[in-house]
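Common to both upcoming complexes is chain A, partnered first by chain B, then by chain C.
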Partner chain A sequence: MSNAVSALQGEAHTGFATITEQGLRGMITLRGDLSAAPMKKAVKALTGSGVPQMRGCVLSDSHGVAWMSPDELLILCPYTHAEAAVAELSKALAGQHFLAANMSDARAVFAITGSAARQVVAKLAPVDMAQSAFSEGEIRRTRLAQAPAAFWLRDAEMIEVMCFRSQAEYVFELLKRAAQPGSETGLF
Partner chain B sequence: MLVLTCPCCGVEADETELAAGGQAHIKRETVGASDDAFEEYMFMRENPKGVHFERWRHANGCGKWFHAARCTMTLEVFGTYTAQTYEPPADIRAAITAKRPGWSWGRFS
Partner chain C sequence: MSTRLGTGGRLIDRATSVGFEFNGRKLKGFKGDTLASALLGADQMLVGRSFKYHRPRGIVAAGPEEPNALMNLGKDGHFEPNARATTTEVFDGLTATSQNHWPSLEMDVGVVNNYAARFMPAGFYYKTFIHPRAAWKHLFEPFIRKAAGLGKAPKGRDANTYEHLYVFADVLIVGGGVAGLQAALTAGRSGKKVLLLEQTAHWGGRVPVDGAMIDGMDADAWINATVQALENMENVTLRTRCMGAGVYDHGYALGYERLGDHLAPTTLPRHRLWRIRAKQIITATGALERPLSFAGNDIPGVMLAASLRDYVVNYGVSAGDRTVVVTNNDDAYRTALALKKAGLEVPVILDARPQGGGALMEDCRAIGIRVETGKGISSVKGGKRVESVSICAQAGEGAVLEEITCDAVAMSGGWSPVVHLWSHCGGKLIWDAAQAHFRPDHDRPPLGADGAGFVSVVGAANGQMSTGGCLNDAHQQAQAVIKTVGGKASREVAAKAGAEPMAPMAAVWKMPQGAGYKLRSKTWLDYQNDVKVSDVQLAAQEGFESVEHTKRYTTLGMATDQGKLSNINGLAILADSLNDEIPKVGTTTFRPPYHPISMGSIAGEASRELFQPVDKTPLHGWGEENGAEWEPVGHWRRAYCYKRPGESTEDAVNREVKAVRESLGLLDASTLGKIIVKGPDAGRFLDMMYTNMMSNLKPGKCRYGLMCSENGFLSDDGVVARLDDDTWLCHTTTGGASRIHAHMEEWLQTEWWDWKVYTANVTEQYAQIAVVGPNARKVLEKLGGMDVSKEALGFMEWAEGQIGGFDARVFRISFSGELSYEIAVPASQGRAFWDALWEAGQELNVTAYGTECLHILRAEKGFIMIGDETDGTVIPQDLGLHWALSKKKDDYLGKRAQQRDHMMDPKRWKLVGLESVDGSVIPDGAYAVTEGTNENGQRETQGRVTSTYYSANLERGIAMGLVLNGPDRMGEVISFPKLDGSDVKAKIVDPVFYDREGEKQNV
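The block that comes next holds the complex of A and B.
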């Protein structure tokens, strides 16, 4: 068994917000008819929550499920559970038109923490980060500068950002630069 | 900057999240088509000053293709709609007619 490590192995940086690479995360891409009963049942059995509404994101301590597109969900789980979770989904959805793939090693996750976390994202993504426009329970797929990314709120002062593993270094540099002390925007 | 609401995920996406896919509602010609029909499909495009129909993809977003109706002169957006259609839906046409009475584009008006 190889020793799996995340892209930046937990590297952290503190500016006006703290950026921390989150280590290994279990991530499963699940595609299919999101309105079909077997799909709803399989998601519920695995994550404990239903299929989210458009752009919805439901999180618990260990699991999560997020709406990626009209036919795609992102399942979050502990890294070591991902393979078993894919097997579980494949069994539950046998005979359906679906895809369940373990994407854990293709991704990197960062946490931006602090009361100014929204300012960091707002500098890099073409997204309205006002409280009224983006809140807990939502996922937003977009770009951070030139890298595709998605993010959601873990709580009021913690934004989790997901990107491709191959772009982890670039995204970490971006986030560090955006959180540079003295460059606070004072917004949100 | 051009802002289009993606009908697949509801996001008001600015141009930097989108990839342009060129003219909409082109009928594909294939094996057995006449040279004239194939030339029309392959090379001939509308180039209007005014009402235009285009394909866009929410590339840095939900990843889906969709259609948009807009004015090339003012950048006004009349509406966005599903990619799974061969022609602009009635509500989009009505929205254009309200703003640009007498418009026509290709085989639509």
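The block that comes next holds the complex of A and C.
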């Protein structure tokens, strides 16, 4: 495990918002019947949270659970816990029809911080970034320019973006460019 | 001459002068000038040459409708052709050159076309250059293209950057004139989210020039107060220099913000394309003045009346000392009043209406301006400048009553509402005979997904011709729109404007009414494309009765201005020629964008390093450090080979090919698709997806499988491993990962939705390294951890464990024919694992190999490659893969299709190996010829090469190909013509060139 490195190893850039690669994050793709009691129980036991509503996510300091589709959740946890978490889910859901896969290494995570963080995303994702339309407790599974991506608010001035690990450089360059000082949009 | 006046100019800052360059001349303007106003202020009336006849052309308008003043702007990477001087703000250091002339603007030899004009009517090119056919492509077209054309194409890459912005609003309002401002105020008061866009740098539109009083204030004061009020509303976003460019389905609209056009180039984005979703759209886009059709109406100095007034009032620029005003409506009288107020002469106002105008005419007469009613212009005299006009009776045929010396003509043929945005998405128009214009038909709006209209048009764009009418209309419609988006309309009322009594306008399509051919053939409709009244009449005579056909035959309205000035006048002439009514003839189609937008803004960020995402494996960095020559595979970059210092690509590939067979090779196989398929029905599902059986695969085992489309064609292949009772891991090709995942999900979601199967694309979770060659086992044993012996891990088996301390899943599969392990480790540890293998392999001459080596190794073994041996027309049977087509299964995707006649046809070309007789490499894609020719006179063919390489191991060229009856013709020699005219002869052989028994991979 000591050999594990994230795609950009914590690279950061400061524009009118700050872009920071967040290192490794535990991520589990969990597919199944989201309304079933064993599923709810298993998610609760692992993350401490219930199954979120459509486009919702629940975050704690160490864990999180996000709605990805009508039969898919994204579980967030510390990177080093991911394998054990998959095992725990598999045990709790034994006998159910489900799929749990550790995807921690397939992803890169960036934080966009600053009061203008929303503007950076609004240049790249076809998502209404107004406070009234997108707030804490929500996730958007969408794209940044040509790269698949999802993002959520960690707090009022911090958006976390996840993308594929292979596209980390592209996404970092996109975010840097969008945050170029002088190109503020005056929105939000 | 045109000149800068001593006073006036509400939009310029006389304290700040700005230096710019036009055709190499240094000129000065003021901050706030457009390039057009600055040129006029510097007496540069001549700004270009016309498209076809190279006639001298001057500035006609003051806005985006300008047809003539098109410029090449900027230099090098900032060069842009066909920019309108009227919408370009000057800045210090701006450079502009005029277009479409040689050798110079003042002296253009192309003007000979002008004297030959009577021999070049509409359709001239079509009629003249049709025979002989071949001459068009090789002689006529290149010549005409050289002679014609507007701006120059940029030579280098655009040095600017661009970006997109996604914006959402309840109500989008396009146009920041008084109607747009009023609509925004009304909508904004409801608290709903409002976005107001204005294409120019200024709010208020043309009302301040026309001089209305609103709510007891002068127009400028009202506009300022309103903008202030809107800025104070948190729910309202205002943006100038941002044009509403197009309206599309589902409330989608484009805004085109010009962030940097008014500044010297910077590294900041030049344009920003706003990609807007609005629940409702209000367009307040105003109206455009129409020219009048009289002879010589294209001579520099003839301008639209309101535009000429704009130059005086907004920029303190006069087009001439003596301006004749010619009109069919009251508005043009305002120009005469403005000119007089600026101290300039108006020798006469020619009003085509027998009864003349209303109050404004009286105002003009009161200050001593001569007004002639029922009169028009017979012709304008002058070459590069207006010198005089001949007056005639509008009702007559143009007999000259009087000659009046002047240096400018202000013409007004009435106003056409800007209905473009309303029409982009299907809004229909009605003909308003009183105003002689088309305006929106509110009963037939563009419809949204709910079947209700989603665009409203207010103000002059809706045919409201008075300030008060515009304000009222905007307020009322905005109230209705607010209710549509679920808001509550406020009780406030519309701003009030003073009454503006106007006499009715009169439709005047030709001046004079009975103009003869000579006058008509000097009467321009479309300035930019040089289309005259006589051309449209000729088109009608020749049977081009549809307005769309006439447009294309004459090119009326097909230039970069898209007929903003010419369309209505043109179709009125067409209607007249056809003896039909204007509404019956109809308009041509309005298509977005309203005004040209930059290609860069459409591309947004997608250029240079951001042109497309480049997917990089965890081992990409090692490749960068070790001479990788990259090739794109899907969005991935894969190493084609790893070049050592001094090596050619070929040398590197040959070295790699030998090293793998002799000792040990490492391949980055991370890009191969990896899809987990899990559930009680997963086996059944995979039996449908693959042509062979996957349900009976035992956990711990691997099997190679083929996937076909439902049409039977080979689509993908790869090794499937069964992970546990209800979980399989399917490997796909590099390019197939997302496609095959989507293919699986589509069948699961649309056809077999009741099957209990989940899939997950885990491609990127793992770095996968192929450890290949006779010493593969040795290096793994050196790293240690798990038993990789033949007994513990046989061929086509997989196991999990630790290798050198790394968590690994090891597949004993081989695409090279050698002893081979494909090892998957978590992507984050991929580089460390590769480094460990690299270090351990040093004593075994470990060699990193790329995709070309991979291809050669597999070709030596006769393994097919999706995309080489397949091209979307090839079925497994063509490739001798019958063994992978299960006969036990009732069905699989493609099975039925493969039983159709064409698929069972014994004449389908079949896979064989090809050995060149002389040992050379047969050219890729070469066809084998046979006797006879086809109906096109081409040699008949009997096969083609699908893969061809130089094999360093066999020291000769090897190839695979599809050949007619190939497997039955072993040993036969067939011939492949090469591009240089010679042939290469090849013997048909078994496709497996190396280790036919497969002993090497099974050790």
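Methods note: the second predicted complex is superposed on the first by the 186 of 188 C-alpha atoms of A that agree within 3 Å, B and C clash if a C-alpha of one lies under 4 Å from a C-alpha of the other, contacts with A are read in each partner's own complex, and residues count from 1 in each chain.
Everything that follows uses one rule, which is that contacts are C-beta pairs under 8 Å (C-beta built on N, C-alpha and C of every residue); 3 or more make two chains touch, one makes a residue touch a chain.
For clarity, every value in this text was computed on a predicted model and none was experimentally measured.
More residues of chain A lie in contact with C than with the other chain of the pair chain B and chain C. With both structures placed on the common chain, the touch criterion links A:S69 to chain B but leaves chain C unconnected.
Of the two partner chains, neither chain B nor chain C is touched by A:A45.
When the two complexes are overlaid on their common chain A, residue A:A87 makes contact with neither chain B nor chain C.
Touch criterion met: A:P126 reaches chain B and chain C at once.
In the superposition on chain A, A:Y170 contacts chain C only, with no contact to chain B.
Contact with chain C, but none with chain B, is seen for A:G182 once the two complexes are overlaid on the shared chain.
In the superposed model, A:R55 lies in contact with chain B only, and not with chain C.
Contact with chain C, but none with chain B, is seen for A:A4 once the two complexes are overlaid on the shared chain. In the superposition on chain A, contact is made by A:R141 with chain B only, not with chain C. Residues 126 of chain A lie in contact with chain B in one complex and with chain C in the other.
Of all residues in chain B, only 8-11, 13-14, 16-17, 60-64 touch chain A in the complex they form. Chain C makes touch with chain A in their complex at residues 161, 163-168, 193, 237, 239, 259, 266-269, 272, 275, 277, 604-606, 609-610, 612-618, 636, 676, 678-680, 756, 758-760, 762-766, 806, 826-829, 831-833. Chain A contributes residues 54-55, 68-70, 126, 140-143, 148 to its touches with chain B in the complex. Chain A contributes residues 1, 3-7, 24, 29, 31-32, 71, 97-99, 101-107, 122-130, 132-133, 145-147, 164-171, 173-174, 177-178, 180, 182-183, 185-187 to its touches with chain C in the complex.
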